[in-house]
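In what comes next, chain A is part of two complexes: it sits with chain B in the first one and with chain C in the second one.
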Partner chain A sequence: MDADSDVALDILITNVVCVFRTRCHLNLRKIALEGANVIYKRDVGKVLMKLRKPRITATIWSSGRVMCTGATSEEEAKFGARRLARSLQKLGFQVIFTDFKVVNVLAVCNMPFEIRLPEFTKNNRPHASYEPELHPAVCYRIKTLRATLQIFSTGSITVTGPNVKAVASAVEQIYPFVFESRK
Partner chain B sequence: MAAGGSCPGCGSAALVEDAHYAQQQLVCASCGCVLAEGLLTTTYAEEEHLREVAYSQSTGQKEQLSRCLQRGIRRVQDLCKVLQLPTVFEETAVSYFQRAVQHPSFHLVSLEKKELLGGCCVFVTCRQHSWPLTMGTICSLLYAKQELFASVYLSLQKELELSVPALSLADLVKTHLNSFRLFQHAADVPAPFVEDKEKMVTRTMQIVELASETWLVTGRHPVPIVTAAAFLSWQSLQPAARLTCTFARFCKVAGVDLPPPAHLRLKELLEILLRMASQLAWLRVFKMDKKTVVKHIGDLLQHRIFLLKNAFCLEDEEERCATALGEHSPVSPPAQEEGCPAEGKRQREGGPGPLLPPCLTNPRKRLRTAAPSASDLAITGDEPISDSEIEQYLRGPEEIRAFRQAKAWP
Partner chain C sequence: MPGGRVCAACGCSEIEVDAARGDAVCTGCGSVLEDNIIVSEVQFVENSGGGSSAVGQFVSLDGAGKTPTLGGGFHANLGKESRAQTLQNGKRQIHHLGNQLQLNQHCLDTAFNFFKMAVSKHLTRGRKMTHVIAACLYLVCRTEGTPHMLLDLSDLLQVNVYVLGKTFLLLARELCINAPAIDPCLYIPRFAHMLEFGDKNHEVSMTALRLLQRMKRDWMHTGRRPSGLCGAALLVAARMHDFRRTVKEVIRVVKVCESTLRKRLTEFEDTPTSQLTIDEFMKIDLEEECDPPSFTAGQKKLKIQQLEKALSKKLEDFEGEISSYQDEIEIELENSRPKAKGVFANFTKDDPIDDSTSSILGEEEAEDEELEAAANHLNKDFYNELHEKDRAKTDEDGKCKNGNEALVRPPALESLLGPLPTAASLGITESIKECISTKDREPGENTGDGELDLSGIDDSEIDRYILNETEAQIKAELWMKENADYLKEQKEKEARIAKEKELGIYKEHKPKKSAKKREPIQASTAGEAIEKMLEQKKISSKINYNVLRDLNSKGSNTPKKEDDSTDDSTNTKKLSRRKSIASRNIANPVNSVGKRLRPLISTQLAKKAATEEAIFPSTQAEAPDLQKPAAVLVESGPVAYNPDEEVEEEEIEDDDDHCMSALQLMGGNDYGCDMDDDDGY
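So, the complex of A and B:
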């Protein structure tokens, strides 16, 4: 078996986090009263609103910043964020949908082989950190992509990065190293 | 001291013992020639009651450091003394601590974290010198929560860019077994339970090596594995008297804690041993179970390489043989021509299955499959939004009125 690029790995995106601004002050009490599917957390000063069609949970602050989590792609995140902004508009606020940005993408990838973690850590010394007393996986950081990978001995890899492209590049970059230390 | 004799200079026999400042000397009374000098340092016996004074305490070096730093350094030194570490470790740990506290990310942390920082420096020093110290030990000495210790340790490693080598299991086995109280006769230790330390250490190391070859060690906390391996090796050295003793009782008699995952590790180890026993020719006739396999651990460990190869599909050729149903392939080990099952789950009697980590052979959750539907792929994010879609997320006016009345919103 050779570590060539013909191996097709399924990278499953499990979560995309995005933020946007509404450029206006939001009255959280009004949203909690007139919106359906909302939870008002008065002690921390935010409202959680859940959408059904794209399964998204939005955290709304009174300053007008909104964070959406739960989407499975960047497009879906934008789709849900726009629907949320429209709902806020219907509630009577002067919402302008601006500064939309995807901040975090979480993806899972399964390698078709098991990985020897102590050997992998020894070969990738400064980037890889393995503390079995704390966590069962090796934590590998790629500074250039600002991505973090958690590599488990079963071959399952969890990647977090700033966007989907970075996540895909991270998996591509890690594959040869992980292949070296396979079972 | 030269006893008697004559002076080599003048030949006189008048030798006097004199003290020149603090140094004992054997001097010739006639010509003043020094025959022998005492040692400048004292012997160990004499030094028992003396306290060595460190340079930093006798000079004014300490006054230049802030009180917080002084306290932290003293704490680090005390920790090293409690753990009976060599002096080199103490110096390295103190230097790391000084570097860390000057670093901007640790300069203003809480006192609790600064104390943990001291503990982390000691921990890092021990790991770098292959001294087997676990986080559990340090946390219990500092009365700290493991999560907080973990976060301080990871940020210390990142900020100071320290390379910390992995914990060596072999050293951990030796140190952990040192704390067991089974190697000497004592009032609360029954006679058949006492064991020879060397034998137990050797056998425990072999079992731990077996565990690391069979995926039981990767990703797991090391101490429960060592405890479970120690229990098995202890039982197997005198099975007749010890098979009836439970794991909990063993830990109580030995005076060590029983960590919760140790039971699971024990179970996994016994499963591996049973699989290996099924390949041993003279054990195949017996019906082995978890109790009886302990008696044969010695034999199993002696032939473990051969047994592991036969009990599990370790080679690539054998994996391909397993997937190719019924096909003949040039497989090297002659002992197993037939009986390669397709998956590890379907294990027939004595048939080899793949050697997988335990969580793959007993999966608790269904593995996710990537299945993006066609409609999901078509989303661009900029589709028009219909009013009806938004209405479902808003309450109607009657609902709002009813809510206002019910909640009596302030």
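So, the complex of A and C:
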């Protein structure tokens, strides 16, 4: 889990997506009218509420399911979700905070060297796929961790995974392979 | 002929195989082991001319099932099973597309094989057939190394490249085929040909290739579309050989944007190779390699950032000095200011001015809407006061004004964090205590009780988010304006539905519920079948089950055919009730007229319904009569008359009487009803 074992790499978490349930039906119209920081999308049936303190955007459905995006750490995501539930409570709904789950974590990492993408693809055949016509990065999927890495030729790597641990271990796993194909 | 096998029933090995009948029968117990044995003999038939030809037909490898009829054949796909149809369809489309791309037969066959693999892995489900076919073709192009781009395919099909790319990637992954990476060098001959260099085509191509290799070494090609690089290389190569090819012409051939081409050219310009003359370039190869252009751009960014940091540090130093002067001036002014009394006393503190006002404001807003108006009024006075003070100060202007402006809007968060309103003032002491205590009880477990853990949550900020009435109204108006179109549509839709309802035409488009599939009842006797079916069905209290059961037992006395038909008919809908009704009602008409029966019967049924009210003799006497016609006529009844019967069912069941009388009405006991009549229905 410790990504800084032998390599001093900075892994920056840029986005954490989480979901939770309020176990009660929410009246979107009411939220839209009384909230100062909400956008009501009636055609798709959801309300976007943006919080300032942990900078997050929450999508609220009338069934009571809420999705929060934009947090920079797992704790922050939880904090923001709780705040959101609190504000819904204030608006008058019988909110119960249940089923909190972090769904997706997006992180960015920079290698101190460039990477030869065609070579890298050849060495990592089934996991890596590279289509320069479509996207300039190599898409490397780790099935065991359910993580996807996008490796650019400049050495910058974007990782998405189900939680922060998976992301960290994905970077650790990929480091030796990328090191082989460095410039 | 001993079959060399052992009979499954009795275990004896004496099995007789009869080629003529195509059977394999055990001579011990007589059980048939095989039926319709396939024989691989060739038979010959004599032609009119005297020669002989083999009997048989050619069957295609892919096709299965019945061969198409000789006479018909309007639709080649008619009668084949779905899989064969799909494959044939796919083959046709592959050939169609492949010819447009000028692929040779071998490629097309390989593509078809890919397609077959895809179909067997169910990859065509949920995807447009055209996409899958395009992906198969592109896969072939990649593996064979033909100079076809995904862009070409998307041009032909008018489909988004990325959509095709997605399908292609999926296909390659599922089929575990590793498509070799694209080499831009592959495209050079093709583009060169399209640019029409005439005799010098080959030379220009070679120069362009060299350029490309140089670009590769200079790290310009990773992560870039190969077509862009080709375009740049060809442009330069053309100029080197005195061909005037404009950027526009090259773009049309290569299919990239003008800016992309220019960018590649500028990147190439930055490499040291660009400084060589033409002759030098053809002879010498520079040893050093360049960094990729995006890398150098990144380095530039880093440098700029560092510069900015250094600058800002210096700025901070200066700012420190300025702020110290500001403080001194402030203190001086403070001392010379007149003291305000009353409510505004606490307002005259220096730095926490913003904090205290906001906190007080917060409290008021949270507690009472009426107070809000008063607070606003008070605030206005306060602002005026502050403004006057502002003008007296010099550097404080910006800072305080901003603070004031922030007050009018929801205050800045930092200032709020100072003096927080207490739970008591907000009136939510109890709820908070509850939440905190539950948290203590189960630390870190939220899913259990679902209580909201309030630690660290600033309620005041959340309060900001709740608008008051006027604000809500304004917002509602704004939203209405914004979404006017959508609301209009909804209204029109509703109006339409209302109109239709009035006219009675309104059809509610409910999502189609697939019909419930019932398992076919498997029973050894008709009686069992009826019983099982009765269990399955919603049973009416109006049926006399005993009669039904007796019906069937009586029916078993009659010829076998009827039994079969009763079995069959038990499996059709609502038979048991039908049986009695149908048999009762339709007994005689069946016997009489042929085609006119149907209308006749419907009228009879109508008559019967009409005569419901009439009183008829007891059922008991009819029961035995019932059985006979029932037994005899069961087969014909339900088949023809189910739809009509549906409606009449309930009423009919009530009164066995009617039926009997109807039967009597129809007159006669023609029990020897012809089996032939069945065929008509």
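One rule holds in what follows: the second predicted complex is superposed on the first by the 178 of 183 C-alpha atoms of A that agree within 3 Å, B and C clash if a C-alpha of one lies under 4 Å from a C-alpha of the other, contacts with A are read in each partner's own complex, and residues count from 1 in each chain.
Assume a contact is a pair of C-beta atoms (placed from the backbone, for glycine too) under 8 Å apart; a residue touches a chain by one contact, two chains touch by 3 or more.
From a predicted model like this one, the values you see are computed outputs, not experimental measurements.
Once the complexes are laid over each other on chain A, chain B and chain C cannot both fit and instead clash. Of the two partner chains placed by superposition, only chain B is touched by A:72; chain C is not. When the two structures are aligned on the shared chain, A:95 is found in touch with chain C, with no touch to chain B.
In the superposed model, A:55 makes contact with neither chain B nor chain C. Touch criterion met: A:36 reaches chain B and chain C at once. Legend: residue contacts after superposition of the two complexes on their common chain; A:12 is shown touching chain B, with no touch to chain C. Of the two partner chains placed by the overlay, neither chain B nor chain C lies in contact with A:146.
Of the two partner chains, chain B is the only one that A:108 touches; chain C does not reach it.
Across the superposed pair, chain B and chain C both touch chain A at residues 33-37, 49, 52-53, 79, 82-83, 86-87, 90-91, 114, 116-118, 121-122, 125-126, 129-134, 136-137, 152-154, 183. If you check the complex, the residues on chain A that touch chain B are 1, 10-12, 14, 29, 33-37, 49, 51-53, 72-79, 82-83, 86-87, 90-91, 108, 110, 114, 116-118, 121-122, 125-126, 129-134, 136-137, 152-154, 183. Here chain A touches chain C in the complex through residues 23, 32-37, 40, 42-43, 49, 52-53, 79, 82-83, 85-87, 89-91, 95-100, 114, 116-118, 121-122, 125-126, 129-134, 136-137, 152-155, 183, going by the rule given at the top.
On chain C, the positions that touch chain A within their shared complex are 149-151, 161-162, 165, 168-169, 172-173, 176, 178, 181-182, 219, 222-227, 291-292, 294-295, 298, 410, 413, 446-447, 450-454, 456-459, 461-467, 471-472, 475-476, 479, 483, 486.
On the chain B side of its complex with chain A, the touching residues are 134-136, 150, 153-154, 157, 161, 163, 166-167, 215, 217-222, 316, 355-357, 359-360, 367-370, 372, 376, 379-383, 385, 387, 389-395, 400, 403-404, 409.
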